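Across the two complexes that follow, chain A remains constant while its partner is chain B and subsequently chain C.
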Partner chain A sequence: MEQAKAKIQQARTMAIGAGVVGLGALIAGSFMVSKEHAIQSYHYGLIFWLFLALGGLGLTLLHHTVKGKWGLPLIRMFESSAMTLPLVALLFIPILLPEGMHALFEWTHEEAKSDRILQGKAYWLNTTGFYVRFVIYFVIWTFWAYMLWKWSTEQDKTGNPAFAQKRVNFAAPGIVVFMLSATLAMTDWLMSLQPHWFSTMYGVIMAVSQVYVMMGLAVWLILGWRDQAPYKGLINPSYTRDWGNLLFTFTVFWTYVSFSQMLIQYAGNLPEEISYYVQRNKGSWNVVSTAIAVLGFFAPFLILLSPRVKRLPNLLRSTIVLIFVMRAVHVYWEIKPVFSESPTPHWMDFAALVGVGGIWLAVFFTNLLKRPLLPQHEPRLQEVAHGH
Partner chain B sequence: MQETIKPPMGTDAPLIEGKQNYETITEKIGGIVLKSPPKIWYPLFALGFAGTMVMVFTICWLLLRGIGIWGVNQPVGWGFDIINFVWWIGIGHAGTLISAILLLLRQQWRTSINRFSEAMTIFAVMCAGMFPLLHTGRPWLDYWLFPLPNWLAMWPQFRSPLLWDVFAVSTYFTVSLLFWYTGLIPDFASLRDRAKGKIAQLICGTLSLGWRGSAKHWMRYESAYLLLAGLSTPLVLSVHSVVSLDFATSIVPGWHVTVFPPYFVAGAIYAGFAMVITLAVPFRMIYPQLKDYITNHHMDMMAKVMLATGLIVFYGYMMEAFYSFYSANQFETYMIENRFWGPYSGTYWALMICNGLIPQLLWFPRFRHNLFWLYGVSMVVNVGMWLERFVIISVSLHREYKPSGWGFYAGTQWDWSMFIGTIFFFVMMMFLFARFMPMIAIFEMRDLWHRLYHGKSGHNGHAPAHVPNSAEVTSKEDA
Partner chain C sequence: MAHGPIEPQYHGVMAEFETPEQVMEAAEKTRSAGYKQFDCYSPFPIHGLSDAMGVEEAKVPWAVFIGGFIGALSGMALQIYVNSYDYPMNVGGRDDLSWPYFIPVAFEVTILFAAFSALLSMLGLNGLPRPHHPVFNVPEFARASTDRFFLCIEAQDPKFDLQGASDFLKSLNPLSVSPVSND
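Right, the complex of A and B next:
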C-alpha cells in the first residue's frame, strides 16, 4: 500500500538508536564532565528540536488558514510534528529541576537579588511564574495541535468536508494565540538567558526560525520518499517550485528581521542591548556570526534564486541540508555565547542534539505512521495526482 | 451606502460579474474615459480643487513666514509634518503590494484593483513627499539632500536613516510611476483606437508609444512588467522599514524599538488597504459599471488582508508595552506609562480602539460582506493609523528624560490646513485619474476573463452556469 511507510519505519528504528546512544552519552557526560555543562548542552539540543515541533504547529495553523495547495502533501508531517509537543514538554523536566534552572538562568541565582534591573524584572522572571507559564504554553499548544489533528483524522475516515471549514475557523485565531504564546515562551527560555537584554523583535525572529526549519525538514523528507507510494507521481515541479519559493521567503524574512534587530541595537548602542552583540562578536564568536550571515543567508538566498534548484529535487535537498545545519548553528549562536567564551562545541552538544533529535524523530515518525500519509478526501490533491 | 448583497458572497462571489465578453469589458472601462463623466464628477472634482487651493495657500504662507507657523518646537520637533509623511507613505504601500507581490503570487483578485491602487500609491507618495521637503525650512535648497559633488565639499550624512529615506522614497516613486505607466501602455493603445475625437487620439496615441499589440510587443511587455514587479517587491519592505529606522535608530524611548521595521510595514499595508476600500466603495457608486469588476470577492479579500496586517500591528503594540515593562528600564517603563495615563492617554486608547478593537469585526463574514460595515471599519483604520503615528512620534517626544524638558504639543491651524489640504489634493488627483485614465487594466481584465472561462463566455456573452472560483482556476493552470 504505502511503501513510504516501510521507509519511515526503518528511519524510526535508526532514530531510536540515535536517541538512546545520544542521551546515554549525555547522561554519562553529566557524571564524567559536569552536570552543569551537560544541562547546558541538553538545553541547546532540546530548544533546537522544540523549534521543529513549534514550527510544525505554526505551519499547520498557516496551512489550514490560507489553504494553500503547497501544503497539501506536507500537512500530515506538520500535524505529526505539532503532536510531538507533549513529548517536548516531558523532555523539559531536567531543565525545570532546581539544578537545571540554576545552571541555565542567572536570574535564579542568589546574586540576582542585589541586581537592580533583575529586581525590577522579578515580577516576570521568577521560578513560580516560569513554571506556571510553562504549563500554560504547552496546554495551549497541545490543545490546538490535538484539535486540528483530530479533525483531519476524522475527515480522513468519514470524508465529511465540513471539517475543513471547522479547521479554518479554529486555525486562524490559533495563529494569534501561537504568536503571542511563542513570543513569551521564547522570552522565558531563550531571552532570559541574558536577563538584562531585551528586544521586541525577538519573538518574530524565533517564530520565523521555527517554521523555516520545519519547512526544510518536511520538504527534505518528502523529496527523499518521492519514488514511494503514495508520494510517487504526486511530487511535480509545481510543488517543488512553491516549496523552494517558500524556503526562499523564509530565508529572506529571517534575515530581514534579524538584521533589523542588529542594526537598531547597533545604532542605539545602549549598554543593556549591545551586550548581546558584543558577546557574539568577541573572539572566535565573530567567525560564527560571519558564517551565519554568509552560509545562513547569502548562500541559500543565491541558491534558491535559481529556478533550476527548485525544479531538481536532489539539488533542493542538498540546499535544505545547508539550511538545516545553519539553523542548528543559529540556535547554538543564540544560546552558547552566554555560557562559553569559545564557540568550539563540546562533544556533549552533539550528544544532546543527536539524543533529543533521535527521540523527537522517533515520536514524529510514530505520529506519521498512525494515519495515511496524505489527506484522503482532498479534491485538490487528487486533481494533481491524476494529472488533470 | 448600505447595499443588499446577493449571494454568493465573499470569496464565493465571482471575480467578474454580469454578462460580459471582450467587447463589453473594453467598452465599460474605456467608456469612462472616452465619454463625458457622470454629473456628480464635476462638484466632487471642484471640491477637491477647492481643498487643494487651501493647501497651496498654506504652502505659500509657510514659504513666506517659515515653519514657525507650525506647532513644532522644543521638545516636540517632529509633529504633523512627519506624522503626515509617514501616514501618506504608508497608504501608498497597498498599491505596490497589490500590483507587485500579488502578481508574483499569482493572485487573480489583484487584477481589477491594481491600476486603481497604483494610482493611489503615486498620489499618496506625492502628498507624503511634500512634508519633509517643506520641513527642511528652505525647500529651494532641497537638492542638497542628494549627494551632489559641490564646491563646499559638503555631503549628506550617509549613516543617517533620514538620508536613506531620500533614496528609498525617490526610488519608490520612480519605480511605482514606471510600473504604473508600463501597465497603462496597452490600454492607451486601446483608447487611441476607440477614441472619436482628434485630441483624444493624439494624446492616447502619444502615450501608447506606438503600441501595435504584436506578439513581440507583448513578449517584451510581459518581461518588462515582471521585472518591474520584481523590483517593486523589495520596495514594499524597504521603504517603510527605512521610515521606521528614522525613529528606531535613535535612543528615544518609544522610538528605539527593534520590532519597528516589520510592524511599520504591516501598518503601511493595513492603512493602504483601508484607503483602497475607502476609495473603491464610493467610486463603485459614482461609476456603477465598476461593480462588475470590483466585486464582493475583492472586498472580502481586502478585508482579510486588513485583518491579518491589523493583527500584526496589534502584536507590535503589545510587544512595545510588554517589553517596556520587561526591560525594567525606568525611561522605557515611564514611556509606556505616559502613553497609558499621561496627558495624551486619550489618543493612545483611541488608537487601541481604532486599530486594535474595531477591526476585529472583520473576523466575521457578516461584517466583511456588508459594505456599510466594511467602509466604516476602513474609515476607523484610516483614523487609527494617523493616531498611531501621533502616539509614536509626538507623544514619545513631549516628555524628555528630565521634567524640565517636558512640554506639550498640538497642531496649529496651519498644520491642520496643510494636512486636510493634502487629503483634498489626493481626492482631486484621484478624480482626474478616473476621468482621464482607465481605472481598471482593460487588457488584464480581458485576459482574466479568458482564463476564468477559457473563451467559453458563451453565445451572447452569458457567463457559464458554473463559475469557477479562483482556487479552482489556479489549480487547473498549474496541473
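Right, the complex of A and C next:
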C-alpha cells in the first residue's frame, strides 16, 4: 500500500501550496483589481471544481448501482471526490454573501423588480429560496455520499458482502435524486447567471460534463500511479479499454445533448432563447465556440475511436489532459460571456482555478488516504491481481 | 480458395478440445511452433483467443471508419447542394446554408454507411456467403456449436505437412485429431 500513498501525500503537499498561492493571489486581486471581478473569477474556479465533486458523486452512484468491474480500481477515488462536497459548500460562502450575489446574479439587482420577465420568475429566483435550496442540495448530496462511503468502509473492515446489496439499494434511487437535484442546482448557480434565458437540456449537459471530467481525472491519476503498489500489476488493457470507452461515451453524450440544445434554440429562433448563442458567437467568442467543437468534441472523439490509444496508458493520459483543459474552457464559455465581451481570461480566473483546485485536491487526497486505495474483500479484484 | 501445393486433397488437420482454456493454450503453442494459417472454432466467443492466435489488427474497424466518413461527407454534401445551391429557399429568414439543420441527417447517413460497410466488409473478408466448408467433413465438428473447441491447422500453411501437423497436434493432448478432407 505504501508506494502510491507516498505519491498521494507528495501530491497533497503540492496541492496545498497551489491552493494557498492561488487563493492568496485572488484575495490580493480583490483589493487591487476589484471585488466584483474577483468574485466572478472565484465563481468560475469554484464551479469547475464543483463539477469534479458532483461528478465523483454521480460516478459513485453509478458504480454502486451497476457494480461494473471497470469501476473497482477507481471507486475509492469517486467516493473520496463525492466526500469533498461539504468542503465545496463551505467554499460557496463568499458567493452567498450579499456582495457576491450582487456581483453574479442580475436577478438580485434592484432593476429586476421592474423587469416583467424576471418578476414572473421571482417565485424561483429570489434570495431566500436560493439559500434554502442551497442547503437542501448539499444535505442531500452529502447524505448520499456519506452513506455509500460508510458502507464501503465497513465492508473493507468486516468483509461482510451484505453491504454491497445495501449500497445498490441506496445508490439506485440516488441516481434519480442526483439528476433532479443537480439539474435544479445548475439552474440556480449557472443558468440563472443569464436569467432571461432558459433551457431544459441544461441540467443534463452539466451532469454529463461533471461525470466526464471526474472520470478523466481518476483515470489520469491511476494511470500515473500504475507502477506503484497497490495498483501495480492490476492495471491491464482490459481496464484501460473500458475507461477509454467510457470517456468516449461521455464525449459523445455531452456533444449530443449540447448540440440538441443548440439545434432546438436555433430552430426556434426566439429572442430570449437564442440570445445565449448570439452572445457566445459575437466577436472573438466565436473562436472559443469553434475551439470547443473542434478540440472538445472532434479531437477526443477521433483519438478515442482508436483501440490503440486505449491500450497505451501514456497516450490515454495525454488525451485526458486535452479533455480536462477543454472541460475548463467549456465551463469558462458557459460563465464568462455573461460578464465580458472579450474571451481573454483575466489572471484572476487562473488564480481562482488553481487556488480552489489546490484546496479541493488537498481534501480529495486526504479522503483518499483515509482508507485502503482498493476495495478489500473484492473477489473480482483479487482474481485480476493474481494474474488470471 | 487456393489449395496448398503439398497436400491438395486436404484442407488441414483438426484437433478437438474439451475446454476453452485448452484450445487457448493450444493456439499459443501452435503459433509458437511457427504455424500461421490456422483457425479456432468455439461455440462462444473466447476472450483473449485472438491474441493467443496472434491475429493481426482487425480490418473491419477501418472499413467502418472509412464508410462512416464517406457517409458524413455525402450526407452533408447532398443537403448543401440541394438546399443551398440547386434550390435555395428562404425559411424564416435563415441562411441558405443553415448547417445545424443538416447535422442530424448527415449523422444518420454516417450510421447507415458505417453499418453497410461493417456488414459488407465482414462478409467479404470472411469469404462469405459460403454454403459449405471442409471442416464440416469431420463428424466430431458437429459439436463445435454446443460444447467442444477445435483448432485446425490449414494445408495452405507453408510449414504444413499432414504427418508433421498431426503429430504436433497430438502432442497438445487433444480429445482427437482428424485430417480434414476437401471432398
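Note that the second predicted complex is superposed on the first by the 387 of 388 C-alpha atoms of A that agree within 3 Å, B and C clash if a C-alpha of one lies under 4 Å from a C-alpha of the other, contacts with A are read in each partner's own complex, and residues count from 1 in each chain.
Everything that follows uses one rule, which is that a residue touches a chain if its C-beta (ideal position, glycine included) is under 8 Å from a C-beta of that chain, and two chains touch if they have at least 3 such contacts.
This one's a predicted model, so the numbers in the text were calculated from it and none came from an experiment.
S.K.: Based on the superposition on chain A, does the combination of chain B and chain C result in a clash or a fit?
M.R.: They clash: once the shared chain is superposed, the two partners overlap in space.
S.K.: Quick one: classify A:117 as touching chain B (first), chain C (second), both or neither.
M.R.: First partner only, chain B.
S.K.: For A:263 in the superposed arrangement: first (chain B), second (chain C), both or neither?
M.R.: Both partners.
S.K.: Tell me which touches more residues of chain A here: chain C or chain B.
M.R.: Counting residues of chain A touched by each partner, the higher count goes to B.
S.K.: Let me test your reading of the model: by the given contact rule, A:159 touches which partner, first (chain B), second (chain C), both or neither?
M.R.: In the superposition, A:159 touches no partner, neither chain B nor chain C.
S.K.: Touching A:17, do we find chain B (first), chain C (second), both, or neither?
M.R.: Neither chain B nor chain C is touched by A:17.
S.K.: Once the shared chain is lined up, is A:179 touching chain B (first), chain C (second), both, or neither of them?
M.R.: first
S.K.: Does chain B (first) or chain C (second) touch A:305, or do both, or does neither?
M.R.: It touches chain C, and chain B stays clear.
S.K.: May I ask you to decide whether A:69 touches chain B, chain C, both, or neither, giving the answer as first, second, both or neither?
M.R.: first
S.K.: For A:233, decide between first (touching chain B), second (touching chain C), both and neither.
M.R.: After superposition on chain A, A:233 lies in contact with neither partner.
S.K.: Looking at chain A, which of its residues have contacts with both chain B and chain C?
M.R.: In chain A, positions 263, 267, 269 sit in both the chain B and chain C interfaces.
S.K.: Mind listing the chain A positions that touch chain B in their complex?
M.R.: Residues in contact with chain B: 67, 69, 117-121, 124, 172-173, 176, 179-180, 183, 187, 198-204, 238, 256-257, 260-261, 263-265, 267-270, 272, 380, 383-384, 387-388.
S.K.: Quick check: in the complex, which residue numbers of chain C touch chain A?
M.R.: Per the stated touch rule, the residues are 57, 61, 65, 92, 94, 98, 100-101, 103-104.
S.K.: In the complex of these two chains, what residues of chain A are touching chain C?
M.R.: For chain A paired with chain C, touching residues are 259, 262-263, 266-267, 269, 305, 307.
S.K.: Quick one: in the complex, what on chain B touches chain A?
M.R.: 237, 241, 245, 248-251, 256-262, 311, 315-316, 318-320, 323, 325-329, 363, 471, 474-476, 478-479
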